[in-house]
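In the two assemblies presented below, chain A is common to both, partnered first by chain B and then by chain C.
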Partner chain A sequence: MNKLNILLAGSVAALAFGATAAQAERGTDGDLKILFWQAVSTMNPYLSGGTKEVYASSMVIEPLARYDEKGELVPTLVTEIPTIENGGVAQDLLSMTWKLKPDVKWSDGTPLTANDLIFTWKYCTAPDGGCAQAAQYEGVKNVEAVDPHTVKITFEEPKPYPYSAFVGAQSPVIQAAQFKDCVGARAPECTSANFMPIGTGPFVVKDFKPNDVISFEANPNYRDPAKPAFATATLKGGGDAASAARAVLETGEFDYAWNMQVEPEVLATMLAAGKGQLVTAFGTQVERINLNHYNADPALGSKRSTKEAGPHPALSDPAVRRALSMAIDRDIIDEAGYGEAGRPTCNIVPAPEAYASTGNDDWCLKQDVEGANKLLDEAGWVPGSDGIRAKDGVRLSFLYSTSTNSVRQATQELVKDMWSQIGVDAELRNVSASVFFGGDPASPDTFQKFYADVEMYTNNFDGTDPEKYLAEWLCDKVPAPENGWQGQNIPRYCNPEYDKLVGELAKTADLEMRAELAKKLNDMLTEEGAHIPLIHRGQLSSHSVTLEGVKMNAWDSELWNVADWSRKK
Partner chain B sequence: MFTYTLRRLLFAIPTLLVISFVIFALLDLAPNDPTGDLPLTIPPEVREQIRASLGLDQPFLIRYLKWLQQFFVNEPLNILESLTGWQFGDGERMRVLSWATRSPVVDLIVQRLPQTLWVVGLAYLFGIMIAIPIGVISAYKQYSIFDQIGTFVSMVGYSVPTFFTGVLLIVIFSSYLQWFPSVYDTNLRVTDFASFMAQIKQMALPVAVLALYNASQIARFVRASMLDNLNQDYVRTARAKGVKEKTVLLVHVLRNSLIPVVTVIALGVPTIFSGAIITEQIFRVNGLGQLLITAIQGADIPLVQTLTFIFAVLIVLFNLIADVLYGILDPRIRYD
Partner chain C sequence: MTDAAIAVPTAASTPTRSVLADIWRQFRAHKGGVAGLIVFVFILLAVYVGPYIHTVAPNTINVRARNQWPSLAHPFGTDNLGKDMLAQVLAGGRISLAVGITAMLIAVSLGTLVGVLSGYLRRLDGPLMRVTDLFLALPLLPLLLVIIMLFRDTLRAAFGPETGIFILIVSVIGITSWMHTARIVRGDVLAVKSQEFILAAKSSGMREHRIILRHILPNVLSSIMVSATLGIASAIITESALSFLGLGFPSDFPTWGRLLFDGANFLQLTPSRVLWPGLAISLTVLSVNYIGDAIRDALDPRTLKR
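So, the complex of A and B:
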């Protein structure tokens, strides 16, 4: 039935437009059906920082510039990307100027002006608003209009990498007229604005059913009169990853499905139906095992994993940290749990290309059980009667914690087995993701508290610049009771040398120099065993073979170029 | 009977208040966090601000009292306003807002209720309609082939979980045969025969899964209750008087057997409203069950609190209805 419909629609379209020309036209390709297995809760990414909300809203509201599939900035609402060379960024790095395209209109027909940008900044930085993307506007002192189509952003201190506010799907421009009464504490009261924002993007929201389905139609005022090719779009949410994959790859009910977290062999059987294909893109996500530098002995009670507990009795030995990494066969973990959506890595900053180091690949990327055993022997860790190594009464037995997720549990089993080959024992534990990542200071199970010896999860950074990310391993970012366990230096790594280099990075504007420094910092972290990077994780989505124009993007919203998507004729 | 009902209703008020407090306390103690699902790229300071904007920085008791006021005063006033068009005060009242969607919880529930009533309610109805004849025949012809098959099917239906039967039906009827869609289209509006058929088609699988489950449960009750009655003296008397076998079975035995069954059915009605969490999730029916599970996963506490409390109200109410029905159906039972 469905297949027939698509065929019919396709042939009707072919008949109608075959005669005229190959010229594309807006709204000729019918309905675009997208499936997100986690349903979208709101269309305002400033009120919910969830990836699904950011992606869905990117079809409607747009930033000034976004990242393309290669991670390069492309202008969307502006004439060009401001740089020092073209004078858009001031020499002192204290301000930048964006020039809006002159004829961009909101979907209600009113023009986009500098006023909307100023409002967006005020909206997200208003007190009591709880703006989820406030970090994008960090360090912005003022946003002012030079003229109705020119905006100047001034920073509190020199910003060598200024592309954060109004850049990328996380910080789109919203319409001042629509949201003017929704600032600060009043933000959640504007339900209709939050569900149906007026935007400059290729689609407008026609109907929004929270946590279920969104209906879009083509924006009549979109700046490219030939786009989007689809007249309407439907974004359905809910279910699970496997059935979402089935709906695209096997039954063909949907055109695009996001985030295929499904075992590789299951996907392979679905692909055999020939209705769809997989697309991947590698961003900056790295699955890693953090090694606790502080003592996490349960006998220490609430002092566990804090400075007071003192250094970890076993993991403070660099030989142990290195041996744990050497014993792991990353290829097996990749094959078993990630397939096309992962590749082995020894970097914490695995991309973009210019920032990806190969510094530690020689000793770390390939499994070396023999070498690891030798290292431990030399360091004086001797196997006991049970085969577990020990020194001065300290056994190499670690509590290994992670969030509940079938791939992670399988990885835990594999790593435990690999470690047993070098006389290291692991006790496996998993915690529900909403607790593990929840950050509730009262809970003992959060990843910040790290009441375990080693723990595994994935983290990444937004955009392409790793400066803020690399600053997470500074000494003063260690989570502790004093800061409500809110630091991001989860492994409790502390090296003044590292802190100094990060300070240098914050002052360097030259891109090549920045890449050099970032690589150095990345290498230090792996070399000194702050963590064990395992897998560089890609994003895996699937689309129907009848859908054209999908350019999988890991640097921005996956739907970043939805305006260019069309139905294969 | 009337005073009994009134007494029970009044007694329900403190019960429900205690229930609401227990739910609220339990949710508060649970180590879930509304910012837990956000990407780790969102820094801790921002998370703290988000929590504060949700009111999480206030003490437990204040939050509970606020919820009580929002749920028992503001929301009813709001419903009254929208029904009658009158306005009370300035019309600016804090409603119970969901944390994930930042929209009023009651609106979400109203949006979800029809799908649940249609799919789960219809499955319950079909379940009852299938169960009663099967139960009656199974009991009347105890240990016959029909009884054996019926027992087997209901055992399978009762013990095989819906997450298995649901996926099995999708694999057979959606993937392989392609007769029915595997994803429920909530935007479908029934305007003509074709869209009506599409609606029937998309409801077929979830209703079948749930009807099987419900039917097997109720069929066992009917059978057991019938067997109890078939051996009673009044049945022998009726037969001795020469009453036709059909009348004995359908008028005398069935009517008496249905008394406990009606109670069971009435007690099961609240489960229609709470939806079938798993089945709704598998078929992507946007009902209340699916709403509840996404709310739990996202730590959307006001939504979980309000939904579970409404279910508690329904359970208390239908317990009362079951008791009253029992009194009406069985003249031997008197409450006063």
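So, the complex of A and C:
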């Protein structure tokens, strides 16, 4: 009772002071309500490649440095960004040294040390761990402690762009003490650690209901005593994009909602209510159609879409893949589904400017039904009695799967209509977004399993350097039962030449040469039809007019600066 | 006694006509039933004959003419891809009604079979009714989701995507909605079974299956008819729910539930996208319910006597 009185008196005093002295004060602005219409299934981004998991966990666990809204690196847990100039990156590009801020504490009060970083690296690179972010640690030979607050990362080969491990929301530092028994195959079993990771970020998980609600409270040990301004945060999951947009823009029930993939005309009517506003940033999101290079015939059972299934009977023909791309009118898809928040593209790396290729624009950006038909004719695919092309008994009829979203379903219908003009049939299927992106290895409907011939979704890369993103199409990154379906090479594309070029990119230091190589790789993927890029999407989110401090970030987690958010007084 | 002796031959001379006419007379007395019948027949006609009058194909995309309000060319307006809504509502109605009627037939046959068996054969009563309880206790939607996930690919491979999913949805709805029919029929059978004319039939040496077919079934027909009409309504609604959840038929395959689902976001922009499929579902369900009500009244032996 006594203690409570003191606490109360203290908080009253703090409030009184807060009103006069400081502008910001931790926990003065009540509850922050965030709506992710794709519910979050885990708070451990190492176990799920989904954007929603990465974003949600970025409120709790942090990387050493992150990208700001302009795409520039800013230090979070370190004193400065290591560069060659300040001696943080070795001249031979074989190592780099991070200096931790001296007094960063985990939310449980213990100090953050070099040991945690070493552990994080070991955790994600452990065999059988199925780490979803393994690409971040690619080429890292060793992570060692110089002293408790200095970490040296050595690379196998000179790493011209070394900001990958521990940089960006996809590669946060986790606490060694909490995860020590969760390495390797045991990683998914550590439910409490995966759901409630101890972090250094502005919020702590108070309660986690998978695929539903996460309750946060302000981290009492956060390094900035004045932040976060919100005492608690609620991250609600589920629903659909349109209802999420409505909850922020029209009814004002939520403060922030992510990923407004809603028809532009519908958003316009919601905005009229004046309760919220849209924020957008063009990052690297590309809506693409992945073409399955392996056979996805349901008759193959659990073997489908794996190496044992063999090559796809129709999509393994390069002419088919190219024709499918040529038949698509990207302008119409953009107009019907994206409006201001999208532009037609033929690149998988659409930004930053220096990396954006124009190599395929001549044949791919404009619809060419005639050319596509000719290509298929030449390749021996002849229209049958039903108008669908076939060759040797294989019909050009594809199961076309995507997540449930009205824009995606509209795009599906448009694409089906365009493909029908070249004698290609599509069977449309949509799967609830929580399942499709849920990453549950037991579900047959996840995008990683790809039990369909073609599938459509959006992906992007964090930061401004596409090297590790382009490394996702390496032969050894194909999702398979052996790696828990965790690989990022969803189209199952495999080209030794491509692998070689990626290796070359990893060795090139000169920025212009890197851009050159990245463009070449990007062009290779489009040209060889690993996928069909459709729309370069702006990241479109909405926030309440009463919420201040939102800086839309296309290069890192959208919630990257959630510590700075506050309620408009 | 002499009265009855005279009455029987006259009834026997034109038995079917007079019974049907009686039923029809009774049916007509039920105003709601007549209105329901008119509406239902109108919907049936519109859905099956309509496409010959309004000849726009439901899946023709014209992005330039999207989100249009009703006009002469598009009496129900267009959706956000420029597809004609009237054509879609008509095409959707064919699917929804086919699903409703087929699923109802399955449910009613299953329900009647179980109901009659458990009502008539005492030893089967316990087990069959416990099975009924079991099915009643199953949560319908989660079960549907699991069944669809398990059998989707097999059926798709065997019958093609659309027929496959039609068979799946129809049988799933049928298999999960026979229980009420079974219970009602069982109750009726129990009541009829204890009456004297059954005892008479039994003592005359009539076979059991003949008793069931000739004496029991006609007497419980009224409640079967009622559950049938209610079954159509609930099957249409269940299919709508499935489509509304994004399951069921592929997304370019219009059904009333799917149209409603797709149109919900556009409620403020083009209200007619939600209005017409919603109205169609409501009117069909309502009219079918009224028809069922009227049929029950008409088949009720007590009202027939009057």
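Just so it is clear, the second predicted complex is superposed on the first by the 312 of 569 C-alpha atoms of A that agree within 3 Å, B and C clash if a C-alpha of one lies under 4 Å from a C-alpha of the other, contacts with A are read in each partner's own complex, and residues count from 1 in each chain.
Everything below uses one rule, namely that a contact is a pair of C-beta atoms (placed from the backbone, for glycine too) under 8 Å apart; a residue touches a chain by one contact, two chains touch by 3 or more.
Remember, predicted model here, so these are calculated numbers, not experimental data.
> Could you look at A:Asp445 and tell me whether it touches chain B, chain C, both or neither (first, second, both, neither)?
both
> Tell me the contact category for A:Glu157 with respect to chain B and chain C: first, second, both or neither.
So A:Glu157 meets neither chain B nor chain C here.
> Figure out whether A:Ala132 sits in contact with chain B (first) or chain C (second), or with both, or with neither.
Once the two structures are laid over each other on A, A:Ala132 reaches chain B alone.
> Applying the document's definition of touch, where does A:Asn430 land relative to chain B and chain C: first, second, both, or neither?
A:Asn430 contacts chain C only, not chain B.
> So, does A:Asp476 touch the first partner chain B, the second partner chain C, both, or neither?
neither
> Just to be sure I read the superposition right, which of the two partners does A:Gln486 touch: chain B = first, chain C = second, or both, or neither?
After superposition on chain A, A:Gln486 lies in contact with chain B alone.
> Which partner chains sit in contact with A:Thr42 here, chain B, chain C, both or neither? Use first/second/both/neither.
A:Thr42 contacts chain B only, not chain C.
> Going by the contact rule stated at the top, is it chain B or chain C that touches a larger number of residues on chain A?
Per-residue touch count on chain A favours B.
> Once the two structures are fitted together, what part of chain A is touched by chain B and by chain C alike?
Of chain A, residues 445 contact chain B in one complex and chain C in the other.
> Going by the contact rule set out above, which residues of chain B touch chain A in the complex?
My answer: residues 31-33, 35-54, 97-98, 100-104, 107-108, 111, 167, 170, 174-175, 178, 181-183, 185-187, 281-282, 284, 286, 290-291, 294, 297-299.
> For a test of understanding, state which residues of chain A touch chain C in their complex under the given definition.
That would be residues 242, 262-263, 265-266, 269, 298-299, 332, 335-336, 404, 406, 409-410, 412-414, 416-417, 427-432, 444-445 of chain A.
> Report the residues of chain A in contact with chain B in the complex, numbered from low to high.
Touching chain B from chain A are residues 1-2, 35, 39, 41-42, 44, 47-51, 128-135, 185, 187-188, 191, 194-195, 207, 209-213, 215, 234, 236-240, 243, 246-247, 250-251, 253-254, 433-440, 442-443, 445, 448, 457-462, 484, 486-488.
> Which residues of chain C touch chain A once you look at their complex with the stated criterion?
Those residues of chain C that touch chain A are 59, 61, 63, 66-67, 80-81, 149, 153-154, 156-157, 161, 245-246, 250-252, 262, 264-266, 268-269.
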